[in-house]
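So that you can tell them apart, the chains are marked A, B, C and D in the order they are listed, and the count of residues begins at 1 in each.
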Amino acid sequence: MRIGVLTGGGDCPGLNAVIRAVVRKGAGIYGYEFVGFRDGWKGPLEGLTMSLGIPEVRGILPRGGTILGSSRTNPYKIEGGVGRIRQNLADMGIDALVAIGGEDTLGVATQLHDQGVNVVGVPKTIDNDLNATDYTFGFDTAVNIAMEAIDRLHTTAESHHRALIVEVMGRHAGWIALHAGLAGGANVILIPEQRFSLERVCAYVESRFQSHYAPIIVIAEGAQPDEGEMVTLDKGLDAFGHVRLGGIGEWLAGQIEARTGKEARTTVLGHIQRGGTPTAFDRVLATRFGLHAIDVVHDEDWGKMVALQGTNIVRVPLAEATTELKTVPPSFYSEAEVFFG
Amino acid sequence: MRIGVLTGGGDCPGLNAVIRAVVRKGAGIYGYEFVGFRDGWKGPLEGLTMSLGIPEVRGILPRGGTILGSSRTNPYKIEGGVGRIRQNLADMGIDALVAIGGEDTLGVATQLHDQGVNVVGVPKTIDNDLNATDYTFGFDTAVNIAMEAIDRLHTTAESHHRALIVEVMGRHAGWIALHAGLAGGANVILIPEQRFSLERVCAYVESRFQSHYAPIIVIAEGAQPDEGEMVTLDKGLDAFGHVRLGGIGEWLAGQIEARTGKEARTTVLGHIQRGGTPTAFDRVLATRFGLHAIDVVHDEDWGKMVALQGTNIVRVPLAEATTELKTVPPSFYSEAEVFFG
Amino acid sequence: MRIGVLTGGGDCPGLNAVIRAVVRKGAGIYGYEFVGFRDGWKGPLEGLTMSLGIPEVRGILPRGGTILGSSRTNPYKIEGGVGRIRQNLADMGIDALVAIGGEDTLGVATQLHDQGVNVVGVPKTIDNDLNATDYTFGFDTAVNIAMEAIDRLHTTAESHHRALIVEVMGRHAGWIALHAGLAGGANVILIPEQRFSLERVCAYVESRFQSHYAPIIVIAEGAQPDEGEMVTLDKGLDAFGHVRLGGIGEWLAGQIEARTGKEARTTVLGHIQRGGTPTAFDRVLATRFGLHAIDVVHDEDWGKMVALQGTNIVRVPLAEATTELKTVPPSFYSEAEVFFG
Amino acid sequence: MRIGVLTGGGDCPGLNAVIRAVVRKGAGIYGYEFVGFRDGWKGPLEGLTMSLGIPEVRGILPRGGTILGSSRTNPYKIEGGVGRIRQNLADMGIDALVAIGGEDTLGVATQLHDQGVNVVGVPKTIDNDLNATDYTFGFDTAVNIAMEAIDRLHTTAESHHRALIVEVMGRHAGWIALHAGLAGGANVILIPEQRFSLERVCAYVESRFQSHYAPIIVIAEGAQPDEGEMVTLDKGLDAFGHVRLGGIGEWLAGQIEARTGKEARTTVLGHIQRGGTPTAFDRVLATRFGLHAIDVVHDEDWGKMVALQGTNIVRVPLAEATTELKTVPPSFYSEAEVFFG
C-alpha cells in the first residue's frame, strides 16, 4: 500500500511524533510506502509532496512543529477542489490518507471519506476541546509552559504590589487556563465558559492587596466579562491608524488599574504555548496515536480516528471530531474555585 | 471535625500539592481543623505533630518533597504500636486521618480502618504500579526527568561511538522505563516484567554501530537478564572491603564492553527522579486527589481512597491499594518494540 | 557588629542568594548579628525589620524574589527622611548597612555614605546596564527565559506564515534583546540604542516570507522607530475609555500587518523575565557578590560596592553605580547584524 | 578562499553554534567557501568531507553535539599522517583550517601551523580548565545541568535520612563541581585539586544527620581521598569477571555507609552533562568565538585562537591552548568552604 500523510491547522507539539510513529510502524512492520503531503490539504490539492520514509523521520520525535508543514486550506471552499484531490491521489497511486488535524482538517477528512476516499484521522487540538477523546497531544505541553510562567510570577507577586495577569490560549474552551491556573496556584481563573464579574474580580484584587500578597490572574483569551461590562476588542489599528489594541488580558489590566488604583501588568504568552519540544505525556500520546492510526489503516477500517479513553487508545468514527466542543464542565470549574478569593 | 494528615514512604513530587488541597478545602469550605503528623506513621505513634492550616500550606504547591516529613515506620511491626496510635488520636481529639502513601502506608491505613479508625487514603507511588488508578502523581514528573536525560544523550550518540545506558527507577514495574524510553526515542527498553536476552541486546548494539548511530538503552533498575545469564548484584562492599558495586546499568555496560569491544557508559539517575517541582499533570492530579479526599472525609465514607479513572476522580476501597501490582502488559511493551532494533 | 541588610527596586533573580551569602559568612565566620530591613529604604525609614540569621536564609538560594521585600521608597524625597533613618539605625544599634539594589537604591546609599553612614553596596540590575561591572546577576536568567521563548517560536515560524515578535525588557539598554536574540537565532533584533527603520524591517519581513521561513523579531521595550515614523504609545485607556493600548511590540505587529499584509503576532514576556529560580551563573555571581560584600564590611571599607571584572570580584566606589548607563556598543550590535536579513 | 572546518574531542554544547557563526559570517560577509571535515582530524586525514554552507547550518544553533562528528584521531600518532593531511588539503584546494577542539585537537593544530599549514583555533573544553580564556562554552550548560540535579535532591534531603552524592565531570579540575555545588547549595564539594579527608567528610555527615537535614555532597570524578585512604578504582570487570565497579561517587557512598551506618545514595550524571541544548551564555560565547575566528582567518593571522577576556573576545597564540591546566585556585575553593560543615 501507498499511504499519504498530512498535517493541517495550527501548530501543536507532538505532530512530528505522530508522523514518526505512523512511518516507523507502517514502513517497518507493514511494509507500506509513504508520501508526505505538504501544508495540509494544500498538499493533495496542488500535488505538493515530499519523500517520507524512515530516514526522514529520524530525530524528529522531540521537535515541535511538523516536518510536513501546515495550512488552513479547505478544498471544499475551492471550486473543483475535491475533484483535484481525487485526481491527484489517483495519479500518484495513493491508497489511503492519514490526516492529522483539528476540527477543520478532520471535517474535510470526514467528507472525503463519505465520498469514498480511504481516510484515517488523528485528532489534534492544543485546546483539548474535543469530545471524543480524554486528552489531545500538545495540551499538556501548553499547560506546562503556562504553569512555568505563573511559577515565575509568584516571585514578583510576593515582593511587589502589582496585580499580575497571564493571558493564555483558549478561544472557546478554558482547559488550558483551568489546568495551568490550578497547577500554578493562580488566585483567579477566568474562562470562556463562564462570564466573569469585573466587579467581583476587582473586589478580590483589593482584598488581596490588603493581605500583602499581590494577586495572579489567569485569563483565557476568549473569556468575557458580564454583559453589562461587555466590550468589543477591536483587534487591529486604532482610530489614529497606528496603534494596535491588546487582547482581553490588556483590557482587564486597564480596568483593574482604573477601578482599584493599583498597578496591573499583563503577560501574553501567545505562540510560545504551541511551540518547542513536547512533554513526555504528549510524546507518548502522540506516538501511541500514530501506532494505532496505522493499525486502523492496516485493518482498512476507513473513516475512523484514534482517541484516548482512560489509558487505552480506541477507534471512533471520524465524524465525532466535528461534533460539539468539549468545554469545561461547571462542576470542574467549581472545584477550582476553592482556591480563589 | 479535627483531621490528622500524614505522608509515608518514599519521596514523590506532588505530596505537598495533596496536603495543600486537603487543607484549603477542608479548612476553607468545611471549617475543619487540621493536625500535621510528622514522618509518616511515626507521627501518630510517637505524638509528633506540627501545626497545619492555611498559612502553613501557602506556597508549597510547586515544591517537591513533603512539609510533613516521611518515614517507613510500620506500627504493626512495633509491639503495642497500634494501641499507642489509637490512644494518641483519642488524646488529641482526632476524628479522622488522611493518609497519603504507597502500598505500605495504605496497608496500615486499611488495617486501622478495619479496627475502627476513621481513615481516608490518597495513593502515592512514583512507579505508577497501582491497579486501582489509571495514574499516580509523581510518575509524570519522573518520566519527564528521565526523558530529558535521554534527550541529552542523543546528542552524544550522534557524534560519538559509545553505547549509552540510562538506569531509571522501577524495581518491579517498568512504567517509567517504558514511558521515558518511548518519549525519549530510546533504541532498547528493558523492564522487570520481561527478562532480556543479553545476546540479543549485544547483537543489536553491534548492528547499530555499523549504521553509525550509537545506541541508547533505557533499563529499569529491576530488569534482569535471561536465567542463563543471571547475575547476583551484591550491592555493598566488594571482596576487598572497599568498593561498592554498581547496579544493573553498570553491569550491562560491563557486559557490552566485554562482548562487543565497544565502549559503554551508564548514567544512574537515582533520586533526582523523585525530587524537585512536579509537572502540571502531577500538580493537577495531586490537587484533585486532595480535594476529593477531603470530600470523602466530609461524607464520612471511611475506608476509601481516591483514584483516577479516565478524567474522573473516583472512590475505591482502601484495600485495593494493596492488591496485585499493576505491571506493564505484554501488549503495551510490544507496541514499543516497533522502535527497537 | 550589628549589620542591617536591605533590597530595593525591581525584582531580580539572585537577590536571595546575595542575602544568604552575606549572612552565612557574616554570622558564621565573622560572628556578626544581622537585622533584615523590609521593603527597601522603607525599612530603615519606618523601622520595619525582620529577624535575619542562618535559619532564615536556609533554602532560599534557588528562590527568586527577596525574602526582605522591596520598594522604590527614596528617603531623600521624603521630608526628614534621612534624619529618621539615621535615628532608627542609632536606636537599633546598627553599625553598618549592606544595600542591595540598582541605581536608585545605591544612589541613596552613596548619599548616606557621604553623610557618614557606614554603607556597603551590591549592584543589581536585570538590564545589565551598569558600567562598573562586567555583569549583574539576574541578567543571565532573563536572557535564558527570553531565549527559551524564541526557541519555541522557531517551531511555529517553520510551519506557518506569520511574523513573530517577542517584546523583552530593556527601556534604555538592549542587552537582554541582543543576547536573547543572538542565543535564540532571531532574524531581527531591535534595541533602544539605535532607532530602527520600519521600512527596512518590513522589507526584510517580505523577503523572508518569499524564502518560506517566517521571521522572528526580538524587540526591547524601549526600542524606537526612526524619527519620521515616531509614535507616542499612550499606555492606559484609549479614547473610548475602556481599552488599554499595547507596547512597542504590539505597535510593530500592527505596522507590519498594515504594510505587508502578512499576519504578525506578539508575545510580551513581561514580568516572567524577572521571576523564578536563577540560573547557575546568577546564583554563583550573586553568592560571590554576597561573600565579598561582607568582606568589605569586615574591612570597614565603607562607601564601596562589589563588582565583577573578568572572573574576579573587585571593589569600586559606590558612586560608580550611578554614573552613565552601560549601553550596547555599536560594534557589538554590528557583530550580531551578520545574522539579520 | 576555501576554508575547512573540523571539530575534535569530546562532546560539548555550543559546537554547532561555533560552526554556524563561522559559516554565516564567512560565507555571508567574506564570500568564502567551506568544506566540512568529518570526525575531527580523521576528516582531513582520510578525506572525509561533507558540504557546509548556509543551508547546512540552518537551525543548528540550539542543538547539542556537532553536525561534523568528532573523534580523538591524532595524525601525529599515525605514520605518515601529517603528510596525508597536507596532501589532502592541497588536493582539495583548502586555503585554511578552522579547528575547534580541546588540548589534543589544538595541539595538532599548533604543530600543523608550525609546519606551515594555515590554521585558526577555537578552544573547547567542558571542564573550563584552559588558562588562556576566562570561560569556554559548554561549561555553563554542564554546571546548570548538575545544579538542577542538586536542586532536585534537596527535596529528598529534607524529607528523608540519606546522604546524597552527585558525581560530576572533572578529571583534573573541579570547576564544574565547585560551580554546581555553589549554585546548588551543596554541603560538601570535593575536587581533584585538593585531596579530601574521608574522616572529616564522615564526621560532617554524622553531624548533619543530628540536625535533621541530610547532607548533599558534590564530588568531581577525579577527586581523591587522602593518601592513607587511597583506593584504586579498577574500572572494568571485577574478580568474578561479570560486575563492573562504580566510580569515586559509589566508592564514597560505600565508605559513608560502612563508617557511619547511614544510608548513602549516588547519582552519576555522566554524559547527560555534555549533551542537549546549550544555555544562552554558551550559545552567545560560542557564536562570538565563531564570528571572531573567521575574522582571524580574514586577517590571515594564522596560528591564533580566540579567547574570552572579561567581556571581550581576543586572539592568543594557539600554543596557549596546550600550556598548563587552569585548576581551581585554593582561594576560590576556600570561599566556597564557608558553606560547608
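Assume a residue touches a chain if its C-beta (ideal position, glycine included) is under 8 Å from a C-beta of that chain, and two chains touch if they have at least 3 such contacts.
Everything quoted here is computed from the prediction, not taken from an experiment.
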TODO: Treat touching chains as neighbours and tell me the shortest step distance from subunit B to subunit C.
DONE: 2
TODO: Would you kindly say which chain has the C-alpha centre located farthest from the C-alpha centre of subunit A?
DONE: D
Open item on the list: Please tell me the distance, in whole Å, between the geometric centres of subunit B and subunit D computed from their C-alpha atoms.
Closed with: 34
- [ ] Could you grab the centroid distance between subunit A and subunit D? Build each centroid from C-alpha atoms only and quote it in angstrom.
- [x] 40
Task: Touching two or more other chains - residues of subunit A - done: 151, 154
Open item on the list: If every chain is a node and each touching pair gets an edge, what shape is that graph: line, ring, star, complete or other?
Closed with: ring
TODO: Return all touching chain pairs.
DONE: A-B, A-C, B-D, C-D
Open item on the list: Which stretch or stretches of subunit A touch subunit B in the complex?
Closed with: 21, 24-25, 28-29, 59, 61-62, 134-135, 140, 143-144, 147, 151, 154, 179-180, 182-185, 277, 279-281, 283-284, 287-288, 291, 309-311, 335, 338-339
Open item on the list: Quick check on the complex: what are the subunit D residues that touch subunit B?
Closed with: 10-11, 13, 63-66, 69-70, 145, 148-149, 151-156, 158-160, 162, 164, 231, 233-234, 236-239, 242-246, 250-251, 253-255, 257-258, 265-272, 274-276
